[in-house]
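Mind looking over this structure? Questions follow.
Here the chain labels run A, B, C and D in written order, and each chain numbers its own residues starting at 1.
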Amino acid sequence: DLPFVLIAGPCQIESLDHAMEVAAALDEICGGLGISWIYKSSFDKANRTSAAAARGVGSARGLDILAQVRARYRCPVLTDVHEASQCAPVAEVVDVLQIPAFLCRQTDLLIAAGRTGRPVNVKKGQFLAPWDMANVAAKIASTGNENILLCERGTSFGYNTLVSDFRALPIMARTGYPVVFDATHSVQQPGGQGTASGGQREFAPVLARAALAVGVAALFIETHEDPDHAPSDGPNMIPLRDMASLLVRLQAFDRVAKSG
Amino acid sequence: DLPFVLIAGPCQIESLDHAMEVAAALDEICGGLGISWIYKSSFDKANRTSAAAARGVGSARGLDILAQVRARYRCPVLTDVHEASQCAPVAEVVDVLQIPAFLCRQTDLLIAAGRTGRPVNVKKGQFLAPWDMANVAAKIASTGNENILLCERGTSFGYNTLVSDFRALPIMARTGYPVVFDATHSVQQPGGQGTASGGQREFAPVLARAALAVGVAALFIETHEDPDHAPSDGPNMIPLRDMASLLVRLQAFDRVAKSG
Amino acid sequence: DLPFVLIAGPCQIESLDHAMEVAAALDEICGGLGISWIYKSSFDKANRTSAAAARGVGSARGLDILAQVRARYRCPVLTDVHEASQCAPVAEVVDVLQIPAFLCRQTDLLIAAGRTGRPVNVKKGQFLAPWDMANVAAKIASTGNENILLCERGTSFGYNTLVSDFRALPIMARTGYPVVFDATHSVQQPGGQGTASGGQREFAPVLARAALAVGVAALFIETHEDPDHAPSDGPNMIPLRDMASLLVRLQAFDRVAKSG
Amino acid sequence: DLPFVLIAGPCQIESLDHAMEVAAALDEICGGLGISWIYKSSFDKANRTSAAAARGVGSARGLDILAQVRARYRCPVLTDVHEASQCAPVAEVVDVLQIPAFLCRQTDLLIAAGRTGRPVNVKKGQFLAPWDMANVAAKIASTGNENILLCERGTSFGYNTLVSDFRALPIMARTGYPVVFDATHSVQQPGGQGTASGGQREFAPVLARAALAVGVAALFIETHEDPDHAPSDGPNMIPLRDMASLLVRLQAFDRVAKSG
């Protein structure tokens, strides 16, 4: 039972400077606390609520920025893929491929991701039961790639609301694959602002505490120095300045969960 | 307020002979009842519960079969697309493109479908509120294509279960686009059989009656001569032999709904 | 398959004059349409969202008013009971006892209601599966009283929202007991206005149409000449002036549902 | 931020001997760990799934047994009330009155409980949003009694299933009243065994860990020396022999949650 790994970063890749600044802050915080971490950021937001919303810097520019973050801070990097054809080129740059929740049953995408040989972090669909993630993992494992992470990020609960069912963590862990808890998307309110998703940022630390106490291999948190002005997921991202104190507390829960 | 259009056919394209047989039966039934109909069948089941499940005949063979059905029975044909690059070639053959529910927020796919100029039938995601379909439609409409249909096919309700919220029909109709009710996927039990989705076929006619009474532009029903041995969606498809009597009854509700 | 019976009236008994006025209007409407009807009104709202909300005229005054409505319009009357000790005295005056949804598993109340020998209309709890109403009915039937009606009034769907699952109607009908659909409470938004429940009155006719098409023995609708100023359930009651045109349409769906 | 209080005991009062045995075990465990505890047991199970299920020893015998437990182990005792008239006599014997979840909006019951002056533990209805518990508490507080505890015990999530939304704990805490987490009823599967409720006992410790990490004033756990043969709630009660090790772990989470 190793200490939890942190997967963190800004939702979108905004620019090289911005990526480097957030990475520098995370490097300092995690270095000080002895937390292994993976930098996460997206080069394309492919399923925004509205077509008018910012999509991101695109694949070529985004991968270049991730490569520079990786080289400078010697941290693994993670990004998400949306079509099967993206998997191979993305895998040349990033350490972990991520499958978005809405796409977690797209067989071709899962298999293409598996074939890269890279670890694959699959978000559980908001429409999926935790036990059904075994079928999702089996699609990836059919390629011979067993480096699979299963990630809880909330389940549909009425309209425009998600609920975090913490039974899902031990249920997904029965597969034998490491389980990740995504604390910031779990407090999203999909479509809750009309033409954008809302969020309840104040509950992300609450759910993160619960997840660490139940026991997870990794924690996923999107963070930004100014969430209220971020181009996406602002309502649920954690301010960068709050990360250090939050992580200290979460480490304490993690230690209790993994002791004895 | 025109009479409802029927969108029907077997879930998967199994073979030319099979497609022709089902189309012949539908042609006879709908011809006798004066129902306009669209033939629906999929060349690829891209998001099966399990990777081991049958995917279908593939794109080239599938489109060829749909073209033959279309020529022989002079009926419009509909099929679903899964990646943006499929839209243009599929649109050369079929009359209506369909966006699967899991993919209803994938901006590139919606825009590629819109750009074909063909009518686009979008299934509402099981994770989406009906009012959020206005944003989905706006993505397609941003291409200048206003031939959009919005389709209700059930909403997540606990695990492995969907519920049909009939308020969704008038809510989606506020967009001004025609509303479709998918009676057979609405009774699906996603993942409910472990490595396959289950279904409650007996409730499809019940929900279809409700939808026609509320008022819809079109009704979507998957049908098969032997659902229990169909390669996909067997537990929720309506036996072909039950279609005629069901449609007679549904026409009566449709007439009342659209009178006065 | 008899035509549907209408259970209707104002949520609360407000005064003798008010009760008589609403009853007069319903008597005229239903008489003209040939609809059998039961007058419904409550003498006590025992579970208001807030303690500050109006409770009603109380038991003695309320039963007296119901008796006068019954005598004047020769219609059966229905009211709800909240504690076992109320059942016998209420049954001396009213024709049908009603069990509120929150109380549908209170064994003593069900048995006391059953022992009166009067028909008992049990609302399905917002927290209950339709198949579990068989156990509820069995509690009443254990008294030898088989005059039981099972009433759908919406199921919890996220917070402050209900959804109407129309599969519940045929599922409850398997018990052999008549099934009622409550169109106005099904569009309630429990607690949705902070210190009161909200409602979506505009969807009550929508759900009523669906219910009639699926097939029910009775339809429950609360109505008021001025819902926006009613002491309870205003946001979901149907204006009395809209009842006649609504019922005409519902009769047409009922005839189709029960033909052939 | 005081350490959590434990509310524990067998679901039903089975006999004096049984009550004393469970109390003795809890007294020893909690004494050893320095945990303040309250003995919980019910004299009447008033809302069983089926009328054929065991109801309990009744009020007179039950209160006598609770009084003896209280005298012998010098522990406060808690039991639930179902009708307003029970509150005063029950309050003469027990230290804390409990309002069952289904009854949490019954104004008369809440007010009668409040008037006893005893602390009142109200279970949040499975159909209620956490913010709506402020209205419930206000009904009790209207009597001048501010000794109120608000208890989370799961929310309806589809049929026959509950989900624990841990956002509910801080939301209810905004009222200023202490918040309790009921770990064993939260894993109930209402009606899930046809004529009885099922349960997922294995997840009660999981949810208890999450609750302690989020932060609660008290933890509610039903326990039994042989849950599989208990007359009620067997599927979700924790075996008495597992309590000590569970509590040790929970204390560690509680300390972290309340430090700093």
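We adopt the following convention: contacts are C-beta pairs under 8 Å (C-beta built on N, C-alpha and C of every residue); 3 or more make two chains touch, one makes a residue touch a chain.
Quick caveat: nothing in here was measured; it's all calculated off a predicted structure.
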**Item:** Remotest chain, chain B as reference, centres from CA atoms
**Value:** D
**Request:** Determine which of the two chain pairs, B-D or A-D, is joined by the larger number of C-beta pairs in contact.
**Result:** A-D
**Complete:** Whole-angstrom distance, CA centroid of chain A to CA centroid of chain B, is 33
**Chain centre separation (chain A, chain D; CA means) in Å** = 37
**Fill in**
chain B and chain D have mean C-alpha positions lying a whole-number Å distance apart equal to 48
**Message:** Touching at least two other chains at once: which residues of chain D meet that condition?
**Reply:** 155, 157, 159
**Message:** Which stretch or stretches of chain B touch chain D in the complex?
**Reply:** 157-159, 161
**Request:** Report the residues of chain B in contact with chain A in the complex, numbered from low to high.
**Result:** 46-51, 55, 82-84, 102-103, 105-108, 110-111, 125-132, 135, 138-139, 142, 155-156, 159-160, 190-191, 195
**Complete:** In the complex, the residues of chain D that touch chain A are 155, 157, 163-167, 169-170, 187, 200, 203, 206-207, 209-214, 249, 252-253, 256-257, 259-260
